[in-house]
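Next up, some structures in structure tokens.
Next come two complexes built around chain A: one with chain B, the other with chain C.
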Partner chain A sequence: MSRLPPVSGEWIQRDRTLAFTFEGRRYAGFPGDTITSALLASGIDVLGRSFKYHRPRSVLSFANHDANIIVQRGTTPNVRADITPLTDGMALTPVNVHGSLARDKGRLLDHLSRFLPVGFYYKAFHTKQLFPKWESLIRFIGGLGIIDIKAERLTTAKRYDFCDVLVVGAGASGLSAALAAAEAGASVVVVDENAQAGGSAAYGLAGQPAGDAWQSLRARAAAHASIQIRTATTAAGYYADHWIPLVDDERITKLRARAVIISTGAYEQPAVFRNNDLPGVMLGSAARRLIHRYAVKPFNRVVVLAANEDGYRAALDFLAHGIEVAALVDLRATALPTENTRKLAACGIPIHTGHCIHEANGLDRVSSIVAVPFDDGYTDPGRAIHIDCDGVAMSVGWAPAAALLYQAGAGMRFDEAVGQFVPDHLPSGIFAAGRVNGIHGIDRKMADGAHAGLAAAMHLGLVPRRNLPAVPPETTCHSHPWPVFAHPQGKNFVDFDEDLQLKDFENAVQEGFDNIELMKRYTTAGMGPSQGKHSSMNAVRILARLRGEPIDAIGTTTSRPFFHPVPLSHLAGRGFVAERETPLHGRHVAAGAVLMPAGNWQRPEYYAIRGRTREQAICGEALAVRKGAGLIDVGTLGKIEISGPDAGAFLERIYTGRFANMRPGTTRYGVMLDEAAVIVDDGVVARLDEGRYYFTTTTSGSATVYRELGRLNTLWRMNCGIVNVTGHKAALNLAGPNSRKLLQSLTHSDLSEAAFPYLAAREFEVAGIAARVLRIGFVGELGYEIHVPADQGAVLWDALMTIGKSFGLRPFGVEAQRLLRLEKGHIIVSQDTDGLTTPDEAAVSWAVKMDKPFFVGQRSLAIIRKQPRRQQLAGFELEGPGAEGVRECHLIITDGIIAGRVTSVAWSPTLNKYIGLAMLATSLTAQGTPFWIRASGGRMVAARVVPTPFYDAGGLRQKPVQAMAEAA
Partner chain B sequence: MRASALHDLHLARVPDGAGWIAAAGMPMPAAFPNEGDPATLALADASHWQRAGVKGPGAAAFLEALGLPVPAQPNRWTPLPRGGLIARLGLTEFFIEDAGAIARLIANAPATIGVYPVPRADTALVLTGRDANEVLLQTCNINFKALERMAGQLALTSMAGVGVLIIPQHAKSGADDIPLYRIWCDPSYGPYLYRTLLGIVEELGGGPVGMTGLDHLAPSPSDNIQPTGNP
Partner chain C sequence: MKLMPCPVNGLRPVSEFFYWGEVRPMPDPDRCDDAAWADYVFNRNGAPGIKKEWWYHTPSGTWFIAERDTIRDEVLRTWLHASPEAEQQ
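Presenting the complex of A and B:
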């Protein structure tokens, strides 16, 4: 192979060269070259090795439609060399090669192929114990590129875009469609996977330059203000409402169109003959692309295997560029008497009609072929013709590039007349044009495109509706019905990705995999990087013939997005992960907080102290709350206001407790169930005045609860308004024996026990900020939950921390809070409960008022209460050695069976022992019952059921005045 | 003193002190080092304006009784005569932003049947410049170019995974009419959204802009509003 003299319309620029290396050797190409074209022009024959048998490979389609030539570039694996532009300094290596391309150790597998038939994996590797070894061996032998897991992450931008009409494919039909739609007033985006627009029309004219009509079409489309042409861009799938991911080198663009025109053309299909994968054997269109776009001479002496007019045009094209055509082998008994056939005959080229290629021969490149008479699948090797050549160009048929049509829901049927699947009916807003629509020939494709463009404009209401005469259907078949030639020695490949031969399909059918979907999965046909672009149609033909049914009865496999590989970096995009921060986030970071995720929030787990361990820091925070004062940011709690005449009645329906009878200025604990009586949330409800309530939800439940309440209010039509103020309010919990004195120094309001008792709610100014204050005690101490506008939260924090210095105030994190509430026996919904836990099992039956007319979950709970209870949350203490190894979710084992699980466990510095909560089988819940917990490593740790709360059982620390009275 | 949810992020770029000004009771950077050009591409924090919401079946009548120009249809907004704007987010939900007077009035309105005040401390951003639409295309699945053709439209949508209210406006930079987008979100998402947008803005050659830079943008006559600067 070599570089041709300048070819009219070539894509390369010859004014300078680009240096690159392949397998460490230096080569040169031109700007505009692809990696493959530069390597071929440098005289390299073998550019890759096949996936399974490591056979030598080179160009097949040269159109980004096969995986014969895949290379590794630095940390980037699986670079498609056929279409990747050459750049200066590229250092490339082949993939799936052990050693070098020429001396690949894996090539020995080609001689073992008879031991690796279809289904080999399923039959050989089902033994569970041996599978890891086989897997490791297969991954070593097979595979594509090498992924460097330490490679730097690429943050690739995704992008949305919009247009009236999207045209997929910038060939003759696509550009005609774009012009027609744009001239009707539509904004049009045209995408094409090639580096330049034009499609096959620029090289498909039998050695003649492209016509005036075509040149004019390109120029008009490029100049039109309403047409945007995006080349090197693949429309990789179709999603509902005309949403198309456009993939280019840099990103995915999610384009929403109002109408889509599919003018994707067709994939030329290979013939199936022995050694049809040898380097030098390629599709006729591939050879012509090499010549016209990159001025690469693909071979010196070629045999053309034809079954349509394209083969004759290709042969004339080769002659025009100085390539010797050794013969044209035509599968048809007689060729149509066209101008091209006459021209070729006049050139003295031997034309063997009614023949096929029985086999190609050669080691690392084809050196000869054997042609034999052929009639409807039957060959006659006895009358073989041997022809020396260094190339074979296959032009035997086409398969529509219809993946997007299938994904859009188009109905397809097999049209025997044209020999391909064509659209039978199209969804609203989807149009097809050109070869994918069964229309061949440049003039007819342009007319079909214009028809589709105008139809799209009418669909959008840009022009009045009228009857548009469709382009008449084809009368000539462009695809041979059976380009498949059996050979006793096999190696006649149907799927080049997976090295699948004709006999593999025959064996699959014989073993019962005779449905197209089953056959695909058993043989893996179409499951490689090419996704069946060159194998699916032949697989369907083979199955149809083996079953003796028409192709329409076989159908095709399901087409799913993406139909073409998309880089993972493109899919990942920038990685938008929306995280929430409270207004105090900066204060926490400045105070040395170690942050942890809580729902989609970042919360302080604890505040690190130099020289102390995590556990020491957490214990220190907990003790500060017990002995002095602590401050925790509880702004992540859901915060919801509900107002109106029916607010109380609404709360009665959504919570298990009673709220309509609350006095203004009081708070009450609430438990929320779902319809199955499972606890889904809890919180504190404050009645602010007659018609106004304010309540909190769990951190992770705020959005869900608000959404559900909105749904219920719509359903129930109650006279109340629900307002979610979660992010708009900051909230702090000030707790500890010194909290009252501390808070009093920042407010003029009376905080005395009489004026502001336990479980009261008040609204007053703290540090000059309008605040809503709830006197509640989740951590079991005198405490105040202070809610203020979010933009004043930091000011409040600073005021409390400043004044708090003299009160021993310390910020505390989530872990200390978990410990403190555990000492009080308070549950955390979704930690101490799960997706099946009822209020009775969670020991909060006291918060359930069954005598109410209705609440969500009431009916289910009544039914459940008639059944024996299975489990119950209970407190426990750990006894004996191994206690430090017990964690949440460890199992309770009794008599060898699971009898529960630990839901919370911690070392209590206040009580000087390990305590916890466990969901236990009811048989274990009596006070004092011993049981065993299986800790990490299988160690059994002794535990005993004890009553809760573990700390301050009378709750006197939350009500110090009462405590003093009782003491007195 | 109020604080923007982005206060600490600004502090990382503009040290506390002379570079800050008080805007409607909120400290804000007057200017940033390597500031973006508002005519080309810039992102600003405009959280200093006061905001309030009101919802409920009586909300529209309540606002009309206050003499406010209530938009007749959902997803529409209109400027307030003395600066600021009122947006109708749904059939019975409204959003008001101004220098403080109306927002405070609504926030402190006595409870009335069918009228429910919505306290709002949104993070408010301004994305401005000829390249601003590119930032929207990378973060938001709304065709703003189509939206801008319809006067008074707003969008309630998701931007980089965050629920936002976006109002397309225009501003004058010299003789040029430049696109300007007002963006509001829950303040707890504010830092994330600002970091994300600013990352993209800077990648595209823009940058943050402070109060002074915003003040140089003249209001577009079509919007009849000083959309951004110090009230």
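Presenting the complex of A and C:
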């Protein structure tokens, strides 16, 4: 329409203009405008097309929920025009339009609407063959903005904040609440989705005496040191214990409050009449916001449809701003005799009480309406009054903006006296004030706010508890019980997002979807961008009437976060996935390591060599270990110290083996079970001295094992202490036939077989560093696991690598290690075992000592041992073609039935064949049994059970002297 | 996000905690029969109500017991296992 002369309190600054384009045409607006207000001021009637029928649409509520005025701005889709501030140079296009807004090809759908019945999707998709046709049609017609997948990637950091009291909504009640809480000593944050604080009072009271109290309230709240007012910010949801995401244009701030006051007000609700969606038909509050905030004249000659005092106030407001009021149509049989009704009558405005609007007419804008007598849903079209107008303002009722209250767990009930849902009971620390609490009228809202603010302060213990008299409930009904008018030709919209008409609800109920949640899903009412803020209440009223039940019996649909759409870029933000690196990480990278994740660690998979493939590099590393020497970083293993008189007894309770009788300076393999006797971890236990043990856990198990040991020690109260030194220590495994000679050149300690035999543990200096050295051999060669303080790890690595040059030393990665241990038939817990594997099945029964008094899993294992064994881990070799395609987790198929799975498989360069471990049905585990593995693509590969270890079955390479002694 | 009162560190976000499960006394493995043992190992009481549970504050390594009303999703109180406070119960 056009811009009014300056309006007192307007939000626009008229000293300069902002240029922007819409559909390629140039327009201008003022700083402070929103996109919608600037477009309306430029005289544009049609601002968008409806989602389904592509009907012309314009402003409905102008309250951040105008779902039909969504625009695209460059790569940003779905910009809400009614709330988004206008900026200089904006280039905007409408969405959901084929061609231009004025000549949208989709508008033909309006004439086909009878072929798009309610429950369309449910009905259409019954025929499978037609699905692709429907899909392409719906993809063409439906959808709003366009995602540009080449758009710049946004990483939005989140912010965290805290306060005593969060007030949601900066209207009269919210600001009063904030002030009362702040004066009682609370730190208060007030958020409001609007660009300025003040709420509806700014226009609701324009020119009326209570305005002074409100102005002073606003000034005092803004000036208070303990109150932060954050405008253009949405409280997007309520999460447990007062945890609220505050969403602004830039980011999400996760705010933790100690108490929350919901003073979110109410949404004005539309009336349902034929063509109630024509541009020019809008809510009374929308028209008044346009006038008072943006000085936009929404229409020249208006018909006001009223069912409450707000309608009369709006009519007087329009008159005061030079808008002709053609008539006021009041749904009520008689209007209450108030100052406003008298004033309006005195102006000579025709007032038609007991009437409704039967239909609005016009093409791209309303040009006339027809009013007819109306009595409790029954209209009398025979006595029609035709009125020419270019606008309709609807003030027939309110629905509380109670989404956050519902999410917080408040119980709501329908209060017939005030005509809306009100809180019945509130959760601890949650308070409601103002219209969301069923309190209307500026003075009463301010009193209700102050009451809530004080109650919150009392809840926080800031002021002594006393009885606070509540504001008495409303006696005036502000919402008409039935603002819904049937029309034989329909197009009386209930949901403007989804283009749902009255008959769609009637049909849904007839088809059996007569529960509010079912009706919502079947009709899609409230599922559009405004999420039912203008449709849910009318849908509830319609269902209540169709079922002949009170509104309380119908209830409302479940309210879930988010209350308002949140940009995905705000949500995606940055990730916080922790990644751990060992103290040697830099050395690995310098040596060309290809890294792989292992738990939350980064480990070298292998060290890349120019001109060699991954497989060649891994084979080379493995052969180096077998023939010369290799060095692997095992610092990711969990490393735990346990000390005290009960340390050995404690270990005996958590591991299956025996540890109390170990001699100091020795090591022993340990298997840990859960209470169901399933293997959960394994490692090596070293007894350092009488009262001190040091043991390792698997890389992925370290945190959980340490945690559970802490719990068991809390429960058992044994006399020992447990310290997790995983991060304190670097650990290297030096393995291979040359490892003793290599290590000997870095230490004065005697490494001879007699002085430092297999499975011994010693503490001595290596390269001048105090080290804990375990002579163990996971990879099946003479080997030393060297544990040193983390900050000495790189020094040790450098010393070993330097001296190692003359011993053929190569660093090796996780892949070579997996291959080497497979050649020895050593299991990897959680690769060769799963969540059901017992020690017997994993062939580590030798590490289980059942004659101990107790260990975790012992009782269950005793029961399991009474039953026939189902499966058993066994070694296999692959024979014939297709072997290279076999991978871990491929299935063993016997007689068409799954009889096991491959848990480890690799090409052994040492043995020159494919070897593996498989969990097999016990019927297949006899040596030499042939079986089939189904590889990728269904190819069957022949395999045969063979004994393990595949390599060096006598263990001669790890413990040559003992082995020779035994042989002798 | 919920808050959990750690008996040592006070009120902290629940993401800092690990939930283990309900406190369930272990039957004497030497005296109970196989069925009673299997019941202890495998069966959990999922019915909502007031529960005593093991919780762990990960950053500080603190195990404690929390009494929770799982109907109202409310933490009633927390204490260190076998602490004097618990002895009074």
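Everything below uses one rule, namely that the second predicted complex is superposed on the first by the 938 of 968 C-alpha atoms of A that agree within 3 Å, B and C clash if a C-alpha of one lies under 4 Å from a C-alpha of the other, contacts with A are read in each partner's own complex, and residues count from 1 in each chain.
Simple rule for what comes next: a residue touches a chain if its C-beta (ideal position, glycine included) is under 8 Å from a C-beta of that chain, and two chains touch if they have at least 3 such contacts.
Predicted, not measured: the structure shown is a model, and the values here were computed from it.
Engineer: If we overlay the two complexes on their shared chain A, which of chain B and chain C does A:Ala676 touch? Say first, second, both or neither.
Structural biologist: After superposition on chain A, A:Ala676 lies in contact with chain C alone.
Engineer: After the superposition on A, what does A:Arg560 contact: first (chain B), second (chain C), both or neither?
Structural biologist: Once the two structures are laid over each other on A, A:Arg560 reaches no partner at all.
Engineer: Who does A:Ile863 touch here: chain B (first), chain C (second), both, or neither?
Structural biologist: second
Engineer: Which partner reaches more residues of chain A, chain B or chain C?
Structural biologist: Larger number of chain A residues touched: B.
Engineer: Figure out whether A:Thr714 sits in contact with chain B (first) or chain C (second), or with both, or with neither.
Structural biologist: Touch status of A:Thr714: second partner only.
Engineer: Now for A:Thr582: first (chain B), second (chain C), both, or neither, which partner does it touch?
Structural biologist: The first partner, chain B, only.
Engineer: Return the residues of chain A at which the contacts from chain B and from chain C coincide.
Structural biologist: Touching chain B and chain C on chain A: residues 256.
Engineer: So in the complex, which bits of chain B are touching chain A?
Structural biologist: Residues 1-5, 7-8, 11, 26, 47, 53, 55-56, 111, 113-114, 116-122, 137-143, 145-146, 160-162, 186-193, 196, 200, 203.
Engineer: For chain A, which residues count as touching chain C in their complex?
Structural biologist: 239-241, 243, 256, 675-676, 707, 710-711, 714-715, 717, 724, 854, 858-860, 863
Engineer: Please give the residue numbers of chain C that touch chain A in the complex, ascending.
Structural biologist: That would be residues 1-3, 18, 20, 29, 34, 37-38, 40-42, 54, 56, 58, 61, 63, 73, 81-82 of chain C.
Engineer: Which positions of chain A touch chain B when the two form their complex?
Structural biologist: For chain A paired with chain B, touching residues are 157-162, 254, 256, 574, 576-583, 585-586, 589, 601, 635, 641, 643-645, 689, 691-692, 719, 721, 723, 725-729, 789-795.
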